[in-house]
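Naming follows writing order (A, B, C and D), and every chain is counted from residue 1.
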Amino acid sequence: MFMHMSVTVAVSGASGYAGGEVLRLLTSHPDVEIGAVTAFSSAGDRLGSHQPHLRSLADRTIVETTAATLAGHDVVVLALPHGASAAVAAELGPDTLVLDCGADHRLVDPAAWSQFYGTDHAGSWPYGLPELMTANPTQRQTLAGARRVAVPGCNVAAVTLGIQPGVAAGVVQARDLVSVLAVGYSGAGRAAKSHLMAAEGLGTAVPYAVGGTHRHIPEIEQNLRAVGATEVSLSFTPTLVPMARGILATTTARLAPDVDPATVRQVWEAAYVDEPFVQLLPAGQWPTTVATQGANTALVQVAVDERAGRVVTVCALDNLVKGTAGAAIQSMNLALGLPETTGLPVEGVAP
Amino acid sequence: MFMHMSVTVAVSGASGYAGGEVLRLLTSHPDVEIGAVTAFSSAGDRLGSHQPHLRSLADRTIVETTAATLAGHDVVVLALPHGASAAVAAELGPDTLVLDCGADHRLVDPAAWSQFYGTDHAGSWPYGLPELMTANPTQRQTLAGARRVAVPGCNVAAVTLGIQPGVAAGVVQARDLVSVLAVGYSGAGRAAKSHLMAAEGLGTAVPYAVGGTHRHIPEIEQNLRAVGATEVSLSFTPTLVPMARGILATTTARLAPDVDPATVRQVWEAAYVDEPFVQLLPAGQWPTTVATQGANTALVQVAVDERAGRVVTVCALDNLVKGTAGAAIQSMNLALGLPETTGLPVEGVAP
Amino acid sequence: MFMHMSVTVAVSGASGYAGGEVLRLLTSHPDVEIGAVTAFSSAGDRLGSHQPHLRSLADRTIVETTAATLAGHDVVVLALPHGASAAVAAELGPDTLVLDCGADHRLVDPAAWSQFYGTDHAGSWPYGLPELMTANPTQRQTLAGARRVAVPGCNVAAVTLGIQPGVAAGVVQARDLVSVLAVGYSGAGRAAKSHLMAAEGLGTAVPYAVGGTHRHIPEIEQNLRAVGATEVSLSFTPTLVPMARGILATTTARLAPDVDPATVRQVWEAAYVDEPFVQLLPAGQWPTTVATQGANTALVQVAVDERAGRVVTVCALDNLVKGTAGAAIQSMNLALGLPETTGLPVEGVAP
Amino acid sequence: MFMHMSVTVAVSGASGYAGGEVLRLLTSHPDVEIGAVTAFSSAGDRLGSHQPHLRSLADRTIVETTAATLAGHDVVVLALPHGASAAVAAELGPDTLVLDCGADHRLVDPAAWSQFYGTDHAGSWPYGLPELMTANPTQRQTLAGARRVAVPGCNVAAVTLGIQPGVAAGVVQARDLVSVLAVGYSGAGRAAKSHLMAAEGLGTAVPYAVGGTHRHIPEIEQNLRAVGATEVSLSFTPTLVPMARGILATTTARLAPDVDPATVRQVWEAAYVDEPFVQLLPAGQWPTTVATQGANTALVQVAVDERAGRVVTVCALDNLVKGTAGAAIQSMNLALGLPETTGLPVEGVAP
């Protein structure tokens, strides 16, 4: 006799990019039954009219996002505007696994929240980056059995995965980090805005949130403190480039005094050798975003620039997968006690 | 007790786009064990240095494409230059399933081969487009148990799937067809050529093989004859546009006399209602290539332009999946008696 | 003694793409002084905040589009929503040269207007396509001294310039034309719309207005009748492809009976040999959109597909220049008695 | 009586991107007569078959690059492989103005040359970045009357123009600079290479020369020393992004001790207020590459990130214009005593 238990998953924000990607990944998750697909303004529409690529779900009808439509599922994925998830989660009860793709519960420090988001802090939830190199407990231990998970910001995941091995091992300095990111347009969401039009974005690179204002900065700093940094500062500049998906994060840090460059590679290798979704590439091969397209994979490379006294790391990932939806499902697997890699592709769609 | 039988599959051309895509799809095929990965000039290299997106196979070593390295597998996928497959297949023996992604065995008519390819015809193999609307036998019957399969040309699949329902039903005329295609760059292969450079292709549309010279023309005409056309002529113009993958084929045909426009939609609906990989979209929704990215899906739409007296169809598919690698695996499934849809994704990676 | 007379030009819609391109071209027009730059919602803004590429005009202030702000100029360029230009023009007086980039005054036939635009016809103005192969008068004669000019639709210009030589000479049939166009995103204007977002348009081809509904159809048909066609029908399908600018129009027509294919090339050569802005490429070289980027150039090629019985033409142009702003200035030059080519670049910005 | 003197200019490398752009700009230079257009492997070809966008020159025949074909011109622009320009220049005689778009004569220090290029140093020439903030003499004084000019590297121009005001004024530290650049594909030249194919570059970001190996590093450091830096170190990472043209250079530097952030903006404003081709944007508006497309314009912005203790600058320019061909012509104007801005467009082609 064979008995297969499925969990039911409701997905809010089903007409957006994050919600669509959660649904895409769930269609091939063997232990999941997709329940309600919900949204606000598109409620009542056929899902296929918003997500024509989701063939097997195209005839589903989007229902309104309410506590009632989300209730009764084992898992609820939230992709809501800032400030909405706490109230929804409160109505869902403590046994429902709630995965929040938004920012509300990522930051631990209320002051950091207020400084960058300008509102009251909604409280922090277990943080859905299983590879975060914390100890006692490990991040995976934190996520096991959790019923509330804050999914990391996409840029945060890219920068953290790129630089954390050196910070955790103390071979680079966490003060005076510099990150510059090439970011695809889906990271900006699906709402129509003038500066995100195709005619504006094709054939050009466009910086934004320059000068220390991006909301992902305190989240990155929090992660690096969690893995052992005492003093962190980060110059962070994202630039939109003409691709639909992907983040390429170039992060440099000063090499710590008296560190042998050969040690640097060993530290990065040791950090990720057993990680199913993060790979240090062979020396000399640099990550590209397309190699991670559609996959829950982060590709990392590191080099020492002895002339400049800096370690340079590049991390590529798909902002909608390892940066959002894949991170949510990976965390779901851990929270539910499923094998962590269940239902998550590691092969990118390239070219 | 549960016993799972796997077939072993060797893939030649493993460093190219078609071979890479076959490998990507096979990594999630539950009944396949990937055997030799072979190529010519890249033999000896780590697969990951050519296909960094194929994480689970990255440490495989590419071996040289020879009869010896391909021997001993249940299935061999060939992605070789024109003219090479017949000799290789002869050495592989009649029990090996050989799937040829090249053109050598697609055309039935030696004269058509010679006219468009300029060499001697190598003989035709069963044609790997299961949805081709032939009767007695159906194309699926033809493929069942086959040990040689000619995988269709990517543009051919797009035009055929778009227009064949009307041709088969006689509601459009097959003479005086006009097809214009927007084609992504991966369709041109991976060999470095000046006119295929990124700097040449970004931000521009580029026609090629204009005026009736493209080698896919006789193959399309052959398909339409196979589904019932008596007189076929086709004006066919492909244009490269700045996308890595995808074909959008716009094909128009004259509406047959005395055909009620309402009939047209019924004909297309009936043709594809039960097809797992071809979908007629709801009226008014038009296919886009990205909705099929990475999926073995063809999306089709049809409209009647009564003013012009023409039926317009648009078919979108991923040239590397439904246009090549997915078609090969779908045919493999049929040839081996596996469920046709095994291991083949239907959800596109979008946006 | 040298005395240089300048005309003053006001540009409405200065914050949009068409208005911006008119301004860009006027900055290098030796006989023009740029007057008021006007718009609606962006009135009061610094022009550079909307058009950062127009460096020499960046510190101009946009004023509101009213009869008062436009008054007092020798020339007024209108880029207004449908239906607005007639009223504005009425207030500007008959001596002001008014160039309308919108559609209001392009169609001669009120019934065609009503069918495709759904409103009352505002009357037709001299049509700003100097290369239109009319006779008695020529189109240049029509434009000489004109004080109202209707600038052609961008797709219309591309299709007309591609196919008109054959229609005018009677070597192709104008009934049963088929045009498919690859179109860049700036053609859709600057208003923020969901389906025109970068994340939606990158990496994909997107058809729209399929099946005979596009408003440029009656305008093309009108042009072809003007050059001699008695019976015209056109199947017209535009597809958005990932480029900011450019139109590549592939138009096919049935070869007229008993026409020697060699004659076809002669007809196209004769048509454009003296045209400053339209070039028939050497045989075998096909137009690309990037070769016309930023230039008032249309590149044309023609081939005969004897197998299909069709002539295939491809015309590439920049939708914002020869398709809009360049056509306006070329018409302005003719209307004012200036040399037709004054201030208009013919070299594209490529790659 | 009016007498107009023209200089004759020969352009080598006429079938490449740099040579093509020099030719494009020269077609609208009022004081230039274009002489020989030369190349190596494409000698004998019609120029239009390589540069179809250069309509007015399309029928020119490319001649072989030799001392004989280049001789007899007032100006010779060289776009040759590394190591070739010294020998050619020697044959051209001291009165010919030779503008070298290659790297051979940019570096002053033979040791830096050998370290990064691996060959013997060919000697330095006056450096063609008129805006370089040197004093006694100014860079413009150095270029006035020069007969040999080394045109700067494209990335070098972007980084230098972005950061030099702060270095020259001492408000930022030149040690521990970090630059990350988004670079378009034309910067890699026109030779066919596998990793530069459109299928490889579309939809992805690709880092290269990571870790301190790029040959533009010593040239940037040399520039910053020339404007006053005593200690310079630079971490420099270029990334290819899917655009044909453009460089967006994000450069950060530590704020010098006790510098008021308000001072920073004043320093940048003062540096460029009178520059015809470099513009500091209004506060809060960030440069994009498309705004400089086709123009000899560099757009700069600066912000102080007090949290990170760093100044962030972004500089956008067109690698083929202000980064190469425009810089050459601007230097030519200065060397010949023409007005510096002659023939050089400042308006970008956008969108």
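Simple rule for what comes next: a contact is a pair of C-beta atoms (placed from the backbone, for glycine too) under 8 Å apart; a residue touches a chain by one contact, two chains touch by 3 or more.
Bear in mind the structure is a predicted one, so any value in this text is a computation, not a measurement.
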Working from the CA atoms, figure out how many degrees chain A turns to land on chain D, in steps of 5. 180
Taking each chain's centre as the mean of its C-alpha atoms, give the chain farthest from chain A. C
Which pair, B-C or A-B, has more C-beta contacts? B-C
At what distance in angstrom does the C-alpha mean of chain C lie from that of chain B? 38
With chain centres defined as C-alpha means, what is the inter-centre distance between chain A and chain C in Å? 46
Approximate Å spacing (C-alpha centroids) for the pair chain A, chain B: 35
Could you say which residues in chain D touch two or more other chains, in rising order? 17, 185-186, 199-200, 202-203, 242-245, 287-288, 290-291, 293, 350-351
Listed in rising order, chain A residues that touch chain C in their complex are 17, 184-186, 188, 190, 192-194, 196-203, 240, 242-244
Within their complex, chain B touches chain C through residues 176, 178, 180, 182, 199-200, 202-208, 210-212, 217, 233-237, 239, 241-246, 248, 250, 252, 254, 286-291, 293, 301, 303-310, 312, 314, 316, 350-351
Residue numbers on chain D that touch chain C, as the complex places them: 17, 20, 24, 27-28, 46, 48-49, 51-56, 58, 185-186, 202-203, 244-245, 279, 281-282, 285, 287-288, 290-295, 297, 299, 345-351
